Amino acid sequence: MAITIASLAEQLNGTILGNHSMVVLGAQSLEKAQPEEISFVADEKYLQTLAESSAGAVIAPGMLAETFADELPCDAVILVDDPQAAFLQSLEMLRPRRPRTRIGLSRGATISPTALIDAETNIHPGAHVGDDVIIGSRCDIHPGVVVGNGCRLGDDVILYPNVVLYPDVVIGNRVTIHASAVLGADGFGYRLIDDRRQKLPHFGIVRIEDDVEIGSCTTIDRAMIGETVIGEGTKLDNLVMIAHNCEIGKHNAFVGQVGLAGSVTSGDYVVCAGQVGIADHVHLGEGCTLGSKSGVHKDIPAGQVYMGAPAQPVAEALKTLMAQRKLPEMLRVVRRLEKQVRDLTDQVDRLSGSDNQPSEAAA
Amino acid sequence: MAITIASLAEQLNGTILGNHSMVVLGAQSLEKAQPEEISFVADEKYLQTLAESSAGAVIAPGMLAETFADELPCDAVILVDDPQAAFLQSLEMLRPRRPRTRIGLSRGATISPTALIDAETNIHPGAHVGDDVIIGSRCDIHPGVVVGNGCRLGDDVILYPNVVLYPDVVIGNRVTIHASAVLGADGFGYRLIDDRRQKLPHFGIVRIEDDVEIGSCTTIDRAMIGETVIGEGTKLDNLVMIAHNCEIGKHNAFVGQVGLAGSVTSGDYVVCAGQVGIADHVHLGEGCTLGSKSGVHKDIPAGQVYMGAPAQPVAEALKTLMAQRKLPEMLRVVRRLEKQVRDLTDQVDRLSGSDNQPSEAAA
Amino acid sequence: MAITIASLAEQLNGTILGNHSMVVLGAQSLEKAQPEEISFVADEKYLQTLAESSAGAVIAPGMLAETFADELPCDAVILVDDPQAAFLQSLEMLRPRRPRTRIGLSRGATISPTALIDAETNIHPGAHVGDDVIIGSRCDIHPGVVVGNGCRLGDDVILYPNVVLYPDVVIGNRVTIHASAVLGADGFGYRLIDDRRQKLPHFGIVRIEDDVEIGSCTTIDRAMIGETVIGEGTKLDNLVMIAHNCEIGKHNAFVGQVGLAGSVTSGDYVVCAGQVGIADHVHLGEGCTLGSKSGVHKDIPAGQVYMGAPAQPVAEALKTLMAQRKLPEMLRVVRRLEKQVRDLTDQVDRLSGSDNQPSEAAA
């Protein structure tokens, strides 16, 4: 794909500095861009990186116009309001994606005669669709996917290869689930009876609301009774574990390898960084953020940032960390103080003429 | 499904308080139950939740009979010995499961002619069964499952979709393995030779004893030589990692994202909470419990509870944690003590008339 | 398989002590070996285990010749330079692997007519190969594997069952990828626009260099732009998470459940123990080692060993740990010192006759 700076700037609604007729062949990060490629700077913090870049053209914020007045950093600059958004738009133009294949219901797929599937939806070869399943429009059900009996999917759902939906999972619209994720397996619940772990039945379901994205090899267990819910717009990264009966709010973001025990609930806009673990029945308040590797055993108040295991408010956690770093030195100070106080006590005892009588301080 | 309180109580062997002829349509948790549904209370701790519940009926322990003598909390109460067990029994009655499909050996499966498979077993379409495999009776081998050459499975084994068994894995009776779990891949063993990591061959197997349940996306590596073993009745949650040559005892329970390095052994009834990590060759003593996120580098004595990373006995770990929380304040105290001791030393020196001579305490 | 000590020693280029004509039927660890089996000792540390072993024969280092001069620990000893390597060689002889099946392009596979596949390569039934894919010689593409459009694989690549390669993934020669690993899914990148997380497009790829091995259920995300790279000879264990735009050096080893956030880079020969987490944009210097469960937020210098969360140089981390263990006792000492200093201050004040005037030390 090739495009001139003039036509690119027109589509980005931007202002050109420099060579209008330069031809751009690709888009890349500043560090890797070549002379025939365009890159972007978000703000003046990246000017040094830009100076060292081989990029032939760059998208920059309007506020840098004066900075570039005397000398351009490359052949052409396009000034816009939101450089990152404009760069992503350029990417879409310069690297057009493969068009969506029209497959319909592949003969290589195993589809129950009782499934109801919209004609615009693709069921790829090697996919399995169970009894009484309902699938909306423009969905892509890739090879190796298993959609269990009674599942219901909305429109524009993408199930990447080898995703498994156990029976009766409910998926909203515009949901993307990446390869090998598993939704709806039985939760981890047992009762110890006669010294053996007896399995607790899991009659509940998993419900995924609209605009959710779920990462590869992430697992979401079905509820014992009721529902395990992932709220609208929430994004889960890879290898995340959501146990039975969790109810996650809207627009949460959980990074890789986060693990939630059973019946955790969260408000909207909660963020968990990588490898966070949450104990069962905890509530994560709206808009709270948990630092990476946090271990959470108590409810987290709305809007707060917590870190550490066990998790503390970030200010306290940092104070504790700083203090820990000083611990070895502090130990030495305390040992010295002990000796000094002993010596002082002896001296004061002598001064008081009370050598034969143990002083209160020595108790 | 609809059932009267009278007939439900009869099957649960319970005593009715209130309306015998009330019709129950479903079973739910106290928080979510509707007027036509039944719920349960385990003990008096849940009386407040019961008071706020819309449940039309409730299963309760006999000891609450007096509490309900004056006023019933809902239309009908069934008193039993074990309310949770009775509630689960009600669930089974009110939400009967889909009957097991009889599929036999699907034409859509790939089955080696040398495999021996009991006639009562289902091999679903899209499953793969290798050479010399032996599979017992009443097993369900779901779509996308791969059973490698030489594997042996007992009776009543369920392999959910996309489970992979590498060659020569041995599975007992009544074993359930959830979707996308992988058993028998090579362990992570290399020798650095001429600055390159040379793979150590893995000739061993994986052996799963009776009544084991294994979660989704859990991985159990084969032994280098000998066996990696999961003992009878042990339950592994999702995304658990069991490395080569581990030998896990009976009736263990490992929660989500637990990771064991090579050659770990455990006694019976060991419990690991979520995200615990165990270093190689460690032994976990019978009946010990490890708190979530514990990091274990030394053998754990039988029956003990450990937590933290590195793991400590729980009493010590809690003492250390409490002390850590006081650290920043303690730092301030130590700084103040230093100043006070300096001042005292000066005063005592002056009192002793030894100003020209450095005192022992100041050394 | 049966082999005499004489013929085994000849192939291992070793020297025999004891019975040349003894017949060996298998190879096992010292703890488990039976009288008809051979085992090995790496050095004198294992002499006690050897004494308790039932092994009929043992491979030992030449330097132990004198130790065995008076009395052999078993029927036959083979002395060699590198006992572990010789033992592995014996294993290969005593337990020959199943020969690689010649399948070619199975009719049960779904293969795009535009894919170019070498005639020596096996595409198993139930595998899927997309458009414009190129696959080299002697590869094994197992059942349930999905090779997305435009992927390129070198020679001698093994993709175990249910591996998923998203489009345009590039794989070198002699690469082994274990079951259910996922390469090339979109990275976890969103912009919060109008209070909704808008997905950032991922146009980049994943590139795996020669001689890499990747564990089961490990996930490697594609770059936003550019490449996510796993360098030559690097080995990743199971359930490892590599986020978008990471560039991993050569001959690294990452143990189970390690997680890397976006744009992490590493030098050669880096080792991460189990459950380590690395924050985004961090650089791991050549030859550094990170202890299990480390949490890394800053660049790690080359050649250093770090541990803890947040990670510290190992010497400092151990000092901090030791000090933490002494914390509860130290707290008690500090409380006692406070009291002693208060008492001393009172005494000194009295001695100075300044009782009516608050002293400097009490401030």
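The chains carry the letters A, B and C, assigned in the order they are written, with residues numbered from 1 in each.
Convention: a residue touches a chain if its C-beta (ideal position, glycine included) is under 8 Å from a C-beta of that chain, and two chains touch if they have at least 3 such contacts.
Quick caveat: nothing in here was measured; it's all calculated off a predicted structure.
S.K.: Answer with same or different: of all residue numbers used at the interface between subunit A and subunit C, are over half used by both copies?
M.R.: Here the answer is different, because the shared fraction of interface numbers falls below one half.
S.K.: Overlay subunit B and subunit C by their C-alpha atoms and let me know the rotation angle in degrees, rounded to the nearest 5.
M.R.: An angle of 120 degrees brings one copy onto the other.
S.K.: Would you kindly tell me how far, in whole Å, the mean C-alpha position of subunit C lies from that of subunit A?
M.R.: Chain centres of subunit A and subunit C, defined by C-alpha means, are spaced 25 Å apart.
S.K.: Where in subunit A do residues touch two or more other chains at once?
M.R.: As it turns out, subunit A has residues touching two or more other chains at 126, 144, 162, 180, 217, 239, 257, 275, 293, 324, 327, 330, 334, 337, 341, 344, 348, 351.
S.K.: Residue numbers of subunit C touching subunit B in their complex, please.
M.R.: So the residues of subunit C in touch with subunit B come to 27-29, 32, 84-85, 88, 91-92, 95, 98, 108, 124-126, 142-144, 160-162, 178-180, 211, 213, 215-217, 233, 235, 237-239, 251, 253, 255-257, 269, 274-275, 292-293, 321, 324-325, 327-328, 330-331, 334, 337-338, 341, 344-345, 348, 351-352, 359-362.
S.K.: What part of subunit C is in contact with subunit A in the complex they form?
M.R.: 110, 126, 128, 144, 146, 149, 162, 164, 166-167, 180, 182, 185-186, 188, 190-191, 195-197, 199-201, 203, 217, 219, 221, 225-226, 239, 241, 243, 257, 259, 261, 275, 277, 279, 293, 295, 309-310, 319-320, 322-324, 326-327, 330, 333-334, 337, 339-341, 343-344, 347-348, 351
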